[in-house]
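Attaching a single structure in structure tokens format; questions to follow.
Chain naming follows the written order as A, B, C and D, and within any one chain the residues start at number 1.
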Amino acid sequence: MQEPDLSVEIAGFKMKNPLMLASGILGTSIASLKKVFEAGAGAVITKSIGYKARVGYDNPTLVEVHGGYLNAIGLSNPGVKEFYDELSNSKIGDLPLVVSLFGAKPSEFKEMVSILDELNIKAYELNLSCPHVKGFGIEVGQDPKAIREIVKSTKEETKKPLFVKLSPNVSDIVKIAKVAENSGADALTIMNTIRAMSIDIETFRPILANKIGGLSGPAIKPIAVRCVYEVSRSVRIPIIGCGGITSWQDAIEFFLAGARAVQIGTAIAYEGLGVFGKIKKGIRDYLIMKEKESVRDIVGLSHGF
Amino acid sequence: MVSNRPRITKVLDVIEESSTVRSLLFKDEMCSKAKPGQFMMVWIPGVDEIPMSISIMKDDQAGLTVRKVGEASTALFNMRVGSMIGIRGPYGNGFNPIIGKVMIVGAGTGLAPLMPLLEILTNKSASIDMIVGGKTMEEFIFVNKIKEILSKTESKIVVTTEDGSHGIKGLATDAILPILREKRFDMIYTCGPELMMKKVFEMAQEFNLPVQASLERVMKCGIGICGSCCIGKYNVCKDGPVFNSSKLKEVKDEFGLFKRDHSGKRVIF
Amino acid sequence: MQEPDLSVEIAGFKMKNPLMLASGILGTSIASLKKVFEAGAGAVITKSIGYKARVGYDNPTLVEVHGGYLNAIGLSNPGVKEFYDELSNSKIGDLPLVVSLFGAKPSEFKEMVSILDELNIKAYELNLSCPHVKGFGIEVGQDPKAIREIVKSTKEETKKPLFVKLSPNVSDIVKIAKVAENSGADALTIMNTIRAMSIDIETFRPILANKIGGLSGPAIKPIAVRCVYEVSRSVRIPIIGCGGITSWQDAIEFFLAGARAVQIGTAIAYEGLGVFGKIKKGIRDYLIMKEKESVRDIVGLSHGF
Amino acid sequence: MVSNRPRITKVLDVIEESSTVRSLLFKDEMCSKAKPGQFMMVWIPGVDEIPMSISIMKDDQAGLTVRKVGEASTALFNMRVGSMIGIRGPYGNGFNPIIGKVMIVGAGTGLAPLMPLLEILTNKSASIDMIVGGKTMEEFIFVNKIKEILSKTESKIVVTTEDGSHGIKGLATDAILPILREKRFDMIYTCGPELMMKKVFEMAQEFNLPVQASLERVMKCGIGICGSCCIGKYNVCKDGPVFNSSKLKEVKDEFGLFKRDHSGKRVIF
């Protein structure tokens, strides 16, 4: 049997394998991102960058729960200008780098892209779905009009592919996904974390300083699979699956649901960076066992039933 | 089952180390059995959660030693017996205690992670040369305890103060050079201000001696996923806080030059 | 220290303890419900009853996932008339019985209540939130107008307390909760399951016959805690917490978040009926340790921070 | 880690038991080590998931024996070597095999859970009286296998058919009375149509003999939470499928009188 082809292509962006580092995990510096790439990721995404610097929330910003983690980092980031200084084409080299952006209004996204666009960035991911920062994430990601304006005006500013990252904290993710597609999104990342909370029973207090945070990890996987399945049956652009992927079996489940690539975040807390190699090997062996030539051959296979 | 979650525990004892430094003792099985140099994330409910070295381990108890600096450390400093704090960890790699001739260079609360190391080393090493630096006499902590521990072995302690109020006048690093010229060491352990550690590292390089230095960076998750504590390609919370010479070389573009603030912005030392 | 008071009262319905059996679990017959009551529940809820009989979906209707279960039973029920025959006041006795109802339109709810109302039922729970049956649950539970009409017209038909069970599959559960409150709901049950899916990677197929089901169990607990916290700060009527409660610590977390009582479902799959006794004892010991006289004293305590 | 989820396995062998009954053999560690009388939920992808007794256990393999009745059982019946099915379980309590004189009364596919029991009992019991009932000769299953197993012990088999095409003409229950009059038993095991089991139970009551009967009800979850398999206060999937005499007494208002369909509606036997 021939070696299966793990490469995938998303709106012209070719990746050697379908595994991406999810935004906000180890995405502070190019050095860290390179390390993740060397561990086996097909692409890496920076943490979400905003127009201005934000320190984010006070600690505790992270707490473990059964089956996952809550985080309320609060979109801490050094601002687009400082971040621009952090990057340089010589540093980036041929790192398959995606920059994640958040903002409150279309002009901010436009401005950020115009600053960054000369860099050797492969694509942008618009984070319209952070579940715990007022005015930036979810309020935007639930509002069709805001999505339309942001995607359209960002699209005007760059020729690079635009991924739009959606929130599951909506009544109908399919509707939102279609709006993003019709506004010019080249791919959809599904999904971000789910608004959640944990209270300490000894002190009676919410543990996160921000009280509410986003739930990630295995706990949300079945919800993410459902979102990928529903959306991929209703849009034409590629879907990047994200949410709780920890094993190669999880990754396969997302491909079958309709994802063309997958992102890995919280699994790194459980498994370390070795998780990329393990999942890659698992996908390869699975394709051989199922006599499939490439990852592409299993994308959306569950739709047939 | 779920380990990265604050375990609430009560402060059992508060020890006044100096006018600005106190140690808190509390019950925590997991941290009482940590490796020297490991740290914990300490939740001060309603205030903050900050990384703190484990400075005391005995029976089922652990302790921390805090200098009051900003809001969180002052809140911790002001805790009383019975106050509730949340502990998660132990985190990080910790020091690797060796058998042989060692030098230990500490300053300020940098002594905190060095104390459990010292206890282990006294049971292992033939000789310890301990250099303790500080600004002024009043700010010194642990000196008597260190002397007591060292008295059990063939060891030496050198104290330096910038104002000369105690021991040798000058920086800790000033005291090192003559000792290094005189004696051969198998390992240098250090914890304190980063610029001091940088100096120690450079001198050790000159004499071709291996170093283990415990670094500090802004910490949020403590478990190697948020990236806020990055230095080069490493995360201090997971790959550190203790960096050996080869790792220190790998991060030479950042070590002693800049750190990042809570937003990720670079701050020059 | 005096024995703490575990009793709670919800819109005039007094329960000896704050633990309720969640709807759809073991709620087919009075005999089963009695057994759960004897195991220690303060109240028991029937499975959701509709106007007409429904066989529900084909099997598989249930599948375990990491941290919980997916189910798509499909609101199978014998219809209100057959169910009426199943009950009788002599059988019910003083079982603290709540009947759960679902329907597509206000008239169905009205009709069902008019049939059942003479029975010794303590309260109704309107299931406006089943996440996987078209036309009944979630479509209703996302639509403020439908909620208003159903709650108002059911309220006209009965003097018994009405609990309205809400779905987390909405953009803003607080908004929906306020609509239910303003329409006359006496309490809110928060929350039902979350739409989710699981695909078998050997056969490429969604496992549930209905493909999509509802996620329950520990995985959803932090989401439910968040919903209870948010809603209880915005409405005046009591909240009944539900979602992933498996231990007494979980139950306490819900009380602190603002729930006056809690429901237990999936935990029975992990722990059996003994879970009621264990949780009850845990709550009692906790109240003693915290020197609280009653469950009421800890409801919403986390709001102070 | 997650156990109540179909484990996909391939059909390794299909055994023709009669024109309407086949046994399927497949690899499944967990069910190969089940207790006699336990069952599994068998997923026929794209069709249904139905409860099936474990009729074969050997090495790491398990087997089921299905009569084609409706859509799901016919799909299972039509499976070939290599077909994929999903197995979860083993579920339920199973029979409690005793040492002593036992009677076993089975009919139709009710023999399926009795086969593993029979094998265990032959290694334990001094004597087995086996009564096998059926409509007609062609529909009989397992008779040769039963004879072979029983040949190892001091045991007896009685076969009855309603049309008299094999053994005694009549119902299985007709054959029991004379035996009960003649011989004292320590236990009666039974599985088959509920009305037959009800009769067996009543006769056993008369003779003051304990019974273990394996019941059937509509199953969805298989793990005791959905309530669809309820009989009285019990769930057949969890508290059963094997009911002993005292439990049968507790459910006397339903046993042999009515069951529930998939909607929960009562269906009179």
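FYI, a residue touches a chain if its C-beta (ideal position, glycine included) is under 8 Å from a C-beta of that chain, and two chains touch if they have at least 3 such contacts.
Nothing here was measured: the structure is a model prediction, and the numbers come from that model.
The minimum number of touch steps linking chain B to chain D comes to 3. Least step count on the touch graph, chain A to chain D: 2.
Annotation: 37 Å between the Cα-based centres of chain A and chain B.
Between the Cα centres of chain B and chain C there is a gap of 52 Å. If you average the CA atoms of chain A and of chain C, the two centres end up 34 Å from each other.
Residues of chain B in contact with two or more other chains: 46. For chain C, the set of residues touching two or more other chains reads 65-66, 198, 205, 305. Chain contacts here run in a simple line, from one end chain through to the other with no loop closing.
Two chains count as a pair here when they touch; such pairs are A-B, A-C, C-D. Those residues of chain C whose C-beta lies close enough to touch chain D in the complex are 24-29, 31-32, 34-35, 47, 53-56, 58-66, 69, 71, 73, 76-79, 82-83, 198, 200, 202-203, 205, 207, 209, 265-266, 268-269, 272. By the touch rule above, chain D contacts chain C in their complex via residues 1-6, 8, 41, 43, 45-50, 84, 86, 219-228, 230, 232-233, 235, 260-266. For chain C in complex with chain A, the touching residues are 65-68, 70, 142, 169-172, 194-199, 201, 204-206, 211-212, 215, 218-223, 225-226, 229-230, 244, 249, 252-253, 256-257, 286, 298, 301-302, 304-305.
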